Structures are given as C-alpha cells and as structure tokens.
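Here chain A shows up in two complexes: once beside chain B, once beside chain C.
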Partner chain A sequence: MDSGFIALVTMYLVASVRMATPLILAGLGEAVSEKAGILNIGVEAIMLSGAFFSFIVAFFTGNLFLGLLTGIVGGVLVSMIHAVLSIHCKANQTIAGLALNFMVMGLTSFLFLIVFGQTTTIPSCTMFGDIKIPLLSSIPIIGPALFNQNVFVYLALIGIILTAIFFYKTEWGINLHAVGEHPQAANSAGLNVFAIRYFACFINGVLGGLGGASITLGQLGFFMENVTSGRGYIALVAVILGRRNPIGIFAAAMVIGFSQALQYNLQTLGFPIPTQVFTMFPYLVAVIVLFLSIGKSIDPSALGIPFERNKR
Partner chain B sequence: MKIYKGLALLLCMLVLLTGCGSGAAQETTSKDQKMKVALLLSGPANDQGWNATALEGLKAAESKFGLETTYSENVGVADTESAYNDYAARGYDLIIGHGFQFGDPAVRVAQKFPELHFMATESNSQAENMASYVMSCEQGGYLMGILSASMSKTGKIGVIGGIEQPSIIKELEAFKLGAKKVNPNIVVYEIYVNSFTDVSAGKDAGLSMIDKGADVLYHVANQAGTGAIKAAEEKGVLACGNSYDQNSIAPNTVISSTVYNMPTVILTAVDAVKNGTFKGGITHLGMKEKVVDVSPYHSFESKIPEATKKLIEDTKQQIIDGTLTVPVIEKSTK
Partner chain C sequence: MALLSMKNISKSFFGKMANSQVCFDLEPGEIHALLGENGAGKTTLMNILYGIYSRDSGDIFWKGQEVSFTSPRDAIAFKIGMVHQHFMLVPTLTVSQNITLGLKEKGYPFPDRKVLNATIMEVSQKYGLQIDVNAYISNLSVGEQQRVEIIKLLYRDAELLILDEPTAMLTPQETEYFFEVLRKLRADGHSVIIITHRIPEIMSISDRVTVLRDGYNVVTAKTSDISEQELSRYMIGRQLQIIQRETILSDTGREGIALEEVSLQEKGRERLNSLSLQIAPGEIVGVAGVDGNGQKELVEVILGIRKQSSGKIRMDGVDMSSLSVLERKKLGIGYISDDRHQDGLVMDMSLTDNILLKTHTDRRFIKHGLINTRLVRAETQKAVEDYAIKTPGLNTPLRYLSGGNQQKLILAREMAGNPKAIIAHQPSRGLDIGATEFVQQQLLQHRSNGCSILLISADLEEVLLLSDRIAVLYKGCFLGIFPNTQELDLSQIGLLMAGKTSEARKESL
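On to the complex of A and B.
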C-alpha cells in the first residue's frame, strides 16, 4: 500500500466518522427506547430541539459546556412529551412521534425568529475543537478518524461501549429487554414497567439531544431552520439496519456516513452517476435489509404497545 | 377512555403545528385604495438568502410606493396554484412567485384573472398578463470563476450546487467558464448536494473538496452553501458567497459574493404595473439593470492583486456594454 492510498482511506474514514456521529448518538438513544417497547419516530424532533437549545445557550453565554447540557435538556423535554403521551396516555406512539417532528420543527423556527428576527447575517457561536489523544491518534488510518476528533465523537464511542455493556452485561439491561418483550411477565416479576419505560425515554432524550448538539456545536457553529434536515430519520434507519445492537448501529451509521463521503468524492472526480442515486442509498439498504428479514421477528414483542397493568 | 384523551391532545398539537409550520399569510390592511402586492416564497422567509432578499424587495417596494403588501412562506409545489388563486380572488393587483417552479401555475391562474398581473422569477413561462423575470445569475458566476481562479494557489477550486436544476446549473457552468478563462488548466471540483437547506451536507461537501486540495470555494446552494463557507473558514481557505454579501458570515474567508438585487426586480415590476406598462413575456435582468452585481471585497481589498481587480472590473464593464455575453448553459457538463 502506498502512502497516497493510505491518505485516501484515512480521509474517507475521517469524513465518515464525522457524518456518522449524530446518527450514532441519536441511534443509540432510540435503541434503548425501542428495547423497552417505546417506538419513538420523533428522533428528528429530539435532535432538532437539542440542536436549537444547545446553540441558543452557547450563543448567549459563550459557554459551550453549558450549551451541551442545555442541548441534553432540550432533547429530554421532547422525548418526555412523547413518553407521557405513549406511557401515561397510551396514545399511538407512531402518531405521537410524527406530530412531535412537525411541532418541534415549527417551534424551533418560530423561537429562532423571535430571538434573532429576519436577518441576512447568521448568528454563530464557537465550536468544540478537536482533541488529539496522545499515542492513539498516531495509529495509522483509524488514529486520525477516531482519536483526533471533537468531544461528540468520543461521547459517541463511549456511548457505544456503555450501551453494549448495559444491554448485554447488566441486570438493568435484562430488565429493559423484559419490559420490551413481555411487560406483563416483567410486571409479575416485580419490575416497575412504567418507571423503566420512562427511564428508557429519558436516555433517548439525553442521547438524541447530544446528537442534535453535535450538529450545532460540533459541526456548524450556527443554527438554521430545520438544521437537522432529516438526520433523525436516517438515525432511525441506522437503528433498523443495526438491529438495535450498539455495534450494529455504529456499523450502520458508518456505512451511511461512508456512502455520503463517497458520493461527494465521486462527484468531484466527475463520475456521471446521478447525485440522487446516492441520496437514496441508505434507505435502499434499509429496505433490502427489511426484505431479507421477512419471517424473522427481530422487534421487541411489545414494541409500540402501551402497557396496561390490569390487562392480559 | 384514556386513549381518546391522548388522541384529543394529539389533534390539538396537529392543529398547533400546522399553524406554526405553514406560516400563515401576514397582512397589512389599509382603508384607501392602495395597489396590492402579494409575494409567494418556496421556503422560510428567514433563510438568510434567496427568500430573505425577496422579502427585502417587497418591503422596499412597500415603503417606496406605499403599497399594501402581504406574503406567504413555505408554499409547496402542490399549493402554488391555489396560493395564486387565493390572492387573485382577493383582488391583488400583482402576485409574485419567487422561483422557477412558480411559473406554470401562474400562467394557469393568469388566464382566469385577465385584469390582474402575475409574475414569477427565474421562470420561463409567459402569458398576456404573466411575466417571468429572469436574473442573469450566470454573469455573477462568471466573475466569481475569474476571481476564484485568480486567487487559487493550488490550481484547484470547488463549486457546490444545490439541486441540479437549470437555474443553478447555468451559474455553475458559467463559474467554470470564468475560471478556465483565467487559467485553462485549473481543476474545478463540482458537487450537487441535492438540497438547498442541508447545511451539514454543504459543509461536508466543502470539506471533501478542501481535502482534495481546493483552496477557493464557491456555492450556489442557499443555506446549504453557508455550510461550505463555514468549511472554508474552518480549514483556512477562501470562499466566494452567493445571493447577497456573505462577508459577514466569515469576514476573513469570503472574498466577494454575487449579489442578486431582488428589490430592484420587484420595484421594476411594481413600477411597470403602476405605469400600466406591465407586459407578459420573459425579461432578463442582469448587471446592466443592476440586478446582478458583485459585492465589495471588504478586508480582501488589499489582498487581491490589482490585475485581478482590473480584470473583473473590465469584464463587468464588457457584460454591461453587451460586448461580452456569458453563455447560458442549462445542462450540466460534468
């Protein structure tokens, strides 16, 4: 392998990780939520809220860390609305998620307009810089991609490891699965189904809010109407592709990030492939994967079904 | 019964969100018989770009001529015709759609209301009382090509387009022609990000060009292009802005911008309606009409070589004189 090739691969990887980070964060949150039986397609709303609130606070206080925390709070707020609707009110979870997506889109645009008015200048804040981890960052190829990035990439990586341990190595993880697979049995076993589901939604809000904040505070340094532009939906695709497995979600998000990086590079090389083909690529893969998994139920059995204690 | 409570709440939210989302028309009413002008925008008015400049134009016309004005944001393609219909039925004298896609619906509605005036920007449709005002954006793109190629040290520059459609392609192609005029061997990377709003995509596209050695970026992608400027700023390379003076986004990065003077376009149309000289057909407005222009260089005034400044000034003069016509290429030549 010559150095040019290594440089190219490194460049692709760095770009893929950068594009995958918001998807990984939001996808992990959604996986926790779905494992507990709460299908929240309002990931877009959670991310948008996280992106908006993190930016507003970072802009006015100049404190990025405070911005990050507010981003988390923004995400949790939205996900808790969904939690109350689907756990307490037993509403249709899909509709609730959908409604939240539209509502938060309107709400953040409206608040943004109120705060900054109609301008042609873009209010921007500082961003989290790259943190170089000594030694690890000098590993060829994966060093620059994984260990010379901003704080959100590290949070995503730590998040993958922690959720994997949480899912498969802890009693809490077993409880979470139980609540998603068979809430009645979990209830009989003495687990508080409602509390566990609320907790799962809370985690979804935290991670989704981080995912949103990673766009405004890690990538752009400013906010615009609909700044997430559909990344929440792509995160949902990553969750399906990765079958709610943290490592799987990481891989899926990387494939999506890579296909985007590849798209730009093929275009600059002048390949005559229509750009629209690449835009549909992640969704195409998702459809194919869903086709291949016909007959095999991979969803938690109680996904999307409200739990009622006195019902069989 | 609980499920109904949930549903009721959801319904309330749905009502709320449609209220926020579609941006209801805002109206300023008055008693006397003022001329009424309505503006239709394809996206949010607060996009710091394409739509914001149009609204600025409407406001300018309002204060200059004392009009009664209103506008609708986020008018989707499917709603265009009914939006025209609605304003026409309410007796608006001039109804302006800002964008290519507003052309055909305007023609259909124009036939039903022969006494009113219809207009669409960037379109190629026309009727007796419906005019298309096309901005010669390619003239700006051509000059930016010259500037970018002159400022590049690596011999590689990049241009980012929004959606691959004629009004965008013509500017990208002109950019490439301008660049080749200065340096026939220049490498011009081009990427269409398939969105006018996805800022992250714009930034990633910009970064991928910079990774390949591009040191001046240009964009024709509204909000998405802002991401490209941010990419240039972050990596310490140069950029050219689009549609208004974008130097304020990144003062040490943006050398110059093409400026579309929408207020002039709207003032021209309103003026024509007022004087009764409004005619259907396609009108091209470019540098000669001061509709397309390039912004000042700001902090780059001293950094751009005099020869380059002179070349741009001369080329601009030739375009205004009509001695140079920038070709309009509406099919991508990738």
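On to the complex of A and C.
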C-alpha cells in the first residue's frame, strides 16, 4: 500500500482518538447513570465544571495531576446536585439537567472573569504530554493512535474495558441494570435503589469531570467561556448510538471524533467556505447517524422515572 | 407461640383508611389465607409487613420479638419473602440473575453462574419447580414466572412465604400443581400466607382464614369450621344475589351489530377468518375460546382500532367499515377493554379527566370552545353515585382506586347515554365477587334496554351465565354458534374450544 496513504490514515486515526477521548469518558459516565435509570442531560455542565476547575488548579499550582483530580471533584459536584434533585427531590431529570447546563455555563464564565479579568491574551497552562508505550506503539496504523497518547486517552481506553467488565461480568452490573429496569423489583429483592442510583451519579461525575479536564489539560491548554462547546450533548448522542454499551460508545465516539478531526483539517485547506460550515460538521454527522438509528434504541424501562417507596 | 403476630395495624392513603386496627397472626407450618374483596386492605397489610409501606400505627412481632421493617431487605433478613401479584422480576435479566439479585454470593462481585445455577436447580428439583435457569424472564409464561418468584424466596431460605393472588393468572391445571407445591412447602416446615378472593381455593388449600372487609378484621377461623357461604357473606357483607337471565323477545326492527365475512390478515398470518355474526338488539352473544385465538383482533376490528382485510361491519344497517374509531363510538358503541390499564384508563389522570376521555368531542361538554369543567364534574359525580365508586375524591388519580372501582368508572363512561352496542372484553377480569356481580348485572340491564352486547370472556362460566347465544372462536374462526339453552352440550363447546371439530361432531351425533 502507498506509504503516503498509510501516513494519512495514521494521522487521522491519532486525531480521531484524541477528539473522541472526552466523548468516551463522559459517555461512559452517562451510560452508568442511565443504566441505573438516571437520565442526566447535564453532561455538558459536568464536563464544563471539570474543564474549569482542572484548568484553574493546573494554572496556579502548575501541578497537572492536582488539576486532573480537581477536575474530577468539579464534575462530581455538578453530578451530585443533579443526583439530589432527581433522586431525593424526585424532580424532572431533564429539566434539572438543562438548568445545570445553563447554570454552570454562567458560573464558570463568571468565575473565570473574576480570576483573570478581561484579558487580550488567553491564559494558558502546560498540558499532559504523550506517553509512548514501547513495542505496542510501533504497531503500524493503530500503534500511534492507541499507544502513543496522553494520559486521558489511556484512562478512556481503560475505562471502556473496566466499564464493560462492570456491566457484563459483575453482580454490580446486574444490580445497576435491575435498578434502571425495574426499581420496584430491585427494592423487593433487597437492593438499596437510592444508594445505587447515587453511586451511578457519582461515577458519572468522576468520568464526566475527567472528560472535561481532558479538553483543557489534554487538548487545548487553556480555558475560555463555553470551552466544551456542546461536547456534553455530543457525548449523549454517543451514549444513545452506542446503546449504553461501552464498546458501542467507543465506536460512536470514534465516528464523531473522526468527523471533528476532518473538519479541523478541512478548515486549514483553504476552501472558500466559511469555517462555521466545517464546525457544524460533527454535529451534522451526529444528527444524521441518529436519524439512521431511529427506533432501535432500547432504553431502561425506568429511565428518568423517580423511584418512590410508598407508591401504589 | 405464634410465628408472626401483627397487632392493631393502621394505614391510610390520602386520608382514606386502607387498614384500620387490623390484627393478624400466623402459626408455624400453617397455610393461612387472607380473604377479602379488592380494596379490602389485604395487600396493604402484607406490604406493611414486608417493609414496602410504612405503617401509621400498630406493632409487628416475629417469633415473639418486636420488629419493624423499613425495606424488603430487612424482611428478607428475617426470612420473610413475598411474591407480589405483579411479579417483581426484571424482564431483561435471566432467571438465574433474578433469583440471586441483591445477594452477595460466593465470589461476589464476580459471580460463578455455574455454581449458583447448581444450587438453584437443587431447590427447584426439591419442590418440583421446573425452570430453565438461563432463560430471560421476558420469554417466560406467567406460570413460569411465578415459579421463578417462589424459587427466589426459597433460595433466600424464606420461612414465611407471602403470596399475593398467586392463582389469578393460572389455568386450573397450573393452580392444582401450584397447590401441590404449597403442600410440599408446608410439609417441609414453611409457613404460607396466601392472599386471595377466591373462596373455593381457600377451602382446598388453607388451614386457617382471616377475612378483611373495608380495611377491618371481620373474622379469623379454621377453614374446616367454616363454609363457603359463610365466607362469602363475611367477605362482601351480605348474601350474594343469584343472577337471573330472563328471556326477552323484543322486536325493535333494528339490525344491531352485524359482521359479514370479516377477515383480518396481519404479518402474513390469518388472524380472523371470514367471521359472520349478527347481534340483535337485546341480545348477548358470548364468545368462548382460549385466550389468543383472535379475541383481541375481533374486538379491535369491530371498534375500528384495526382495519379488517375484507368483509363488512354494520351497525343498524350503516356500514361502519370505513369509519374511524371515534365515528363508530358516536354511533353508540361502548367498549370495555380486557386491559383497563393499557386501553381503558389513564392511571395518572383523575376521575373527571378519564370520564372526558370518551366525551371530549361531545358538544355538550364544550362551552365557548373550552371544556365546561362544571358539567364534566357534575357528570363524574353522578357516575360516582350511580355506580357506587369508592374514591377519596373526583380529582384522585385512578391509580389509587382499587381494580373494581376502576372498572366501574369504565362502565360508567362506556354505558353512559344508553349505547346501542357494548363490546365487553373480559369485563370482570381481576375483579372480586361483588364487583363481578355488579358488572354482570349492568350488562343484563343494558340487554333489557335493547343493547346488542358482544361478551368475550376467558371464564366459560360467565359466558354461560349471561349469553343468549355462544360462539366458539378457535384460531380466528367461529367453529359454531349455539343458542344457550338447557340442551346446550358443554362437552361439545369444550372440544370446539380445543379445535377438535371432528370429535365434537361425533359427540353431537
């Protein structure tokens, strides 16, 4: 095969995996949450919070790992607000998620302004470097894409495997499934529906926060207003397309990640077309793929429905 | 010493008492029946014991020790297990996964299914509860799902099994088999509480019986010391009236409902095969047949919910074949669905809104383009009074009413304004004796008012009791239509229901 072509494929694969990483992380978290019956469309808020807090801490301490951890905390904070609203207060989960998205968008922009003021130069921090795994990274085509990347990519890949084991090989996965599918049955079998749902939301916060941090500390090196720019929603699409199956989410995120990589590339090629048209591309792909998959989704029966003990 | 003793248990929902100072006790190794009509508070009482509902007052003693369960997990820890009327199984999990759900078995959280399955098989074989452990619940029949529920309890070492209406959806053969299992369990030292409203079953299986009515204790007695008549009187608080069907000959000159060679093909399969039938005004035609032989299809074709592939449906000479569901209903057809939760009512809507479901296009209820709420409320109030619907209020969501009262609301809605025809599909399904009697009387009442009634019931007794003529439906065909007279040959009906036409013919020769 033409070596130029191989180089091109390799390059796109590397870029696609990078673009897909935040989607995979956040998507896995949302899948855990939805399996337990909590529909959190506030993924965008979780990611944005993770992105903001990880950047702030990394910027001021210069310690990237501390930044990463704070990003997780930021994600968990937002996710737990949603959890309390939807589990304890039995609020409408969609509305709660929407409200969080707007609240966190405003809050992070506001805090960012307070800390840095109006600046012409965007404050930036160092980023996680690529870690080359010996031998594996020299596999042609997929080696560079999977084994010569930053820590977030590895976390996402490990996350896929761990989530798959969790879902399909452990009793915990069965419990999670039962709680999302038939909470009354789960309760009757002696499971603590509330605790399991809170746990699922916690995981969603951890992974979503990581996803957010992967944007600031893994891709950009800076924070700005609405830096996630809808990736949380795209992650939701990946979850639906991937049928809450970790491998499926990976595949869906890769398709969207590829279209993102492609649009960056197209922008630089100098077509006489406004760049906004290219920016639209990944979202367009998401919509088209969603259209193609209409009617095949099997949602957990109790998705979005609060559990009440005394309900008749 | 009693194994379990519940003292002065009270519980109210929305200000309505479901249990008032109820006492109940259970001896070790006994099968104790809890008898009462729907809404008498049987299930509520057991849900309180099992920790699903919290009680307002009262004490519970288990083996002499005071207990208070706040969740089923607590009850399970004390070796109490419950099978709910609506099974608590996750349809998308396997039998094995459902049975061990919530347990921390050896190897947790990485279960060794082979070992677990072996233990499950041991339990299942010991009590003759055959089951495929790897099957998904959604693929199992009702009887099989019940077996899974029982194995689930036995797997958890339950000493006390609470069974809520266990026979409601079983065939007579399955019921008999099920009772055998219960006897084996009793012989093995288990105690059983069986909630039911079927008196003959109580006589056959229980050692003692406690009767509840309107949330109060009525009586507790040894089954051998009490008769069926006494029990039924305790349960409904009066003597049961015997339903009499008088022959009426009314020639109104109307045609009633007529089907002319109606066929229905769906997904390449013949669902209804050239059905012809005329139901005259003042006539009840009963359809006998095993469920799933085209009953649902027949009903829905008449109502226009499904469209027949060929044939004609007329109502008093008007061809309805191309009319919409609404237009047909406006011609005067009332519809009692076999699945009131699915097709009849919106469970989270109030009584008034559910009444409006059928009448919302009726001009009477519309004033200046808006719904005349006052009139609808008045109409609902009238329905509540006429049909003696027990409800805390007109704005109560239907979910909080008992099955019988929900069904009464459907009757009130569908029978309003003297319909010319009523399609009654399993009208007394899941109802207790009192409510069943009420529904049947209402049907007979409308029959004498000149209504054409199609009655479809899985209960052959009911068909025999009410129908003027009986049509046997088998695989979408009417295998015969017989006048319901003294000469009616029941064994012939039975053979036709099983599709054995040649044997049935021999029988009639």
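Methods note: the second predicted complex is superposed on the first by the 276 of 312 C-alpha atoms of A that agree within 3 Å, B and C clash if a C-alpha of one lies under 4 Å from a C-alpha of the other, contacts with A are read in each partner's own complex, and residues count from 1 in each chain.
To be clear about the criterion, a contact is a pair of C-beta atoms (placed from the backbone, for glycine too) under 8 Å apart; a residue touches a chain by one contact, two chains touch by 3 or more.
Nothing here was measured: the structure is a model prediction, and the numbers come from that model.
Trainee: Per the contact definition in the header, classify A:3: touching chain B only (first), chain C only (second), both, or neither.
Mentor: Touch partners of A:3: none, neither chain B nor chain C.
Trainee: Would you sort A:220 into first (chain B), second (chain C), both or neither based on which partner it touches?
Mentor: In the superposed model, A:220 contacts chain B only, not chain C.
Trainee: Once the structures are superposed on A, label A:309 by its partner contacts, choosing first (chain B), second (chain C), both or neither.
Mentor: second
Trainee: Residues of chain A touched: more by chain B or chain C?
Mentor: It is B that touches the greater number of chain A residues.
Trainee: Across the complex, what residues on chain B touch chain A?
Mentor: Those residues of chain B that touch chain A are 2-3, 5-7, 9-10, 13-14, 16-21, 44-49, 52-53, 55-56, 158, 164, 189-195, 197-201, 203-205, 207-209, 211-212, 223, 226-227, 230, 244, 248-249, 334.
Trainee: For the complex, which residues does chain A have touching chain C?
Mentor: 169-172, 174-175, 177-178, 181-182, 184-192, 309-310, 312
Trainee: Inside the complex, what are the residues of chain A that reach chain B?
Mentor: 11, 15, 18-19, 85, 89-92, 95-96, 99-100, 102-103, 105-107, 109-110, 112-113, 117-122, 124, 215, 219-222, 224-227, 229-231, 260-261, 264-265, 267-268, 270, 272, 275-276, 279
Trainee: Quick check: in the complex, which residue numbers of chain C touch chain A?
Mentor: By the definition above, chain C touches chain A via 13, 52-54, 71-73, 76, 82, 84, 87-93, 97-98, 100-105, 108-111, 152, 399-400.
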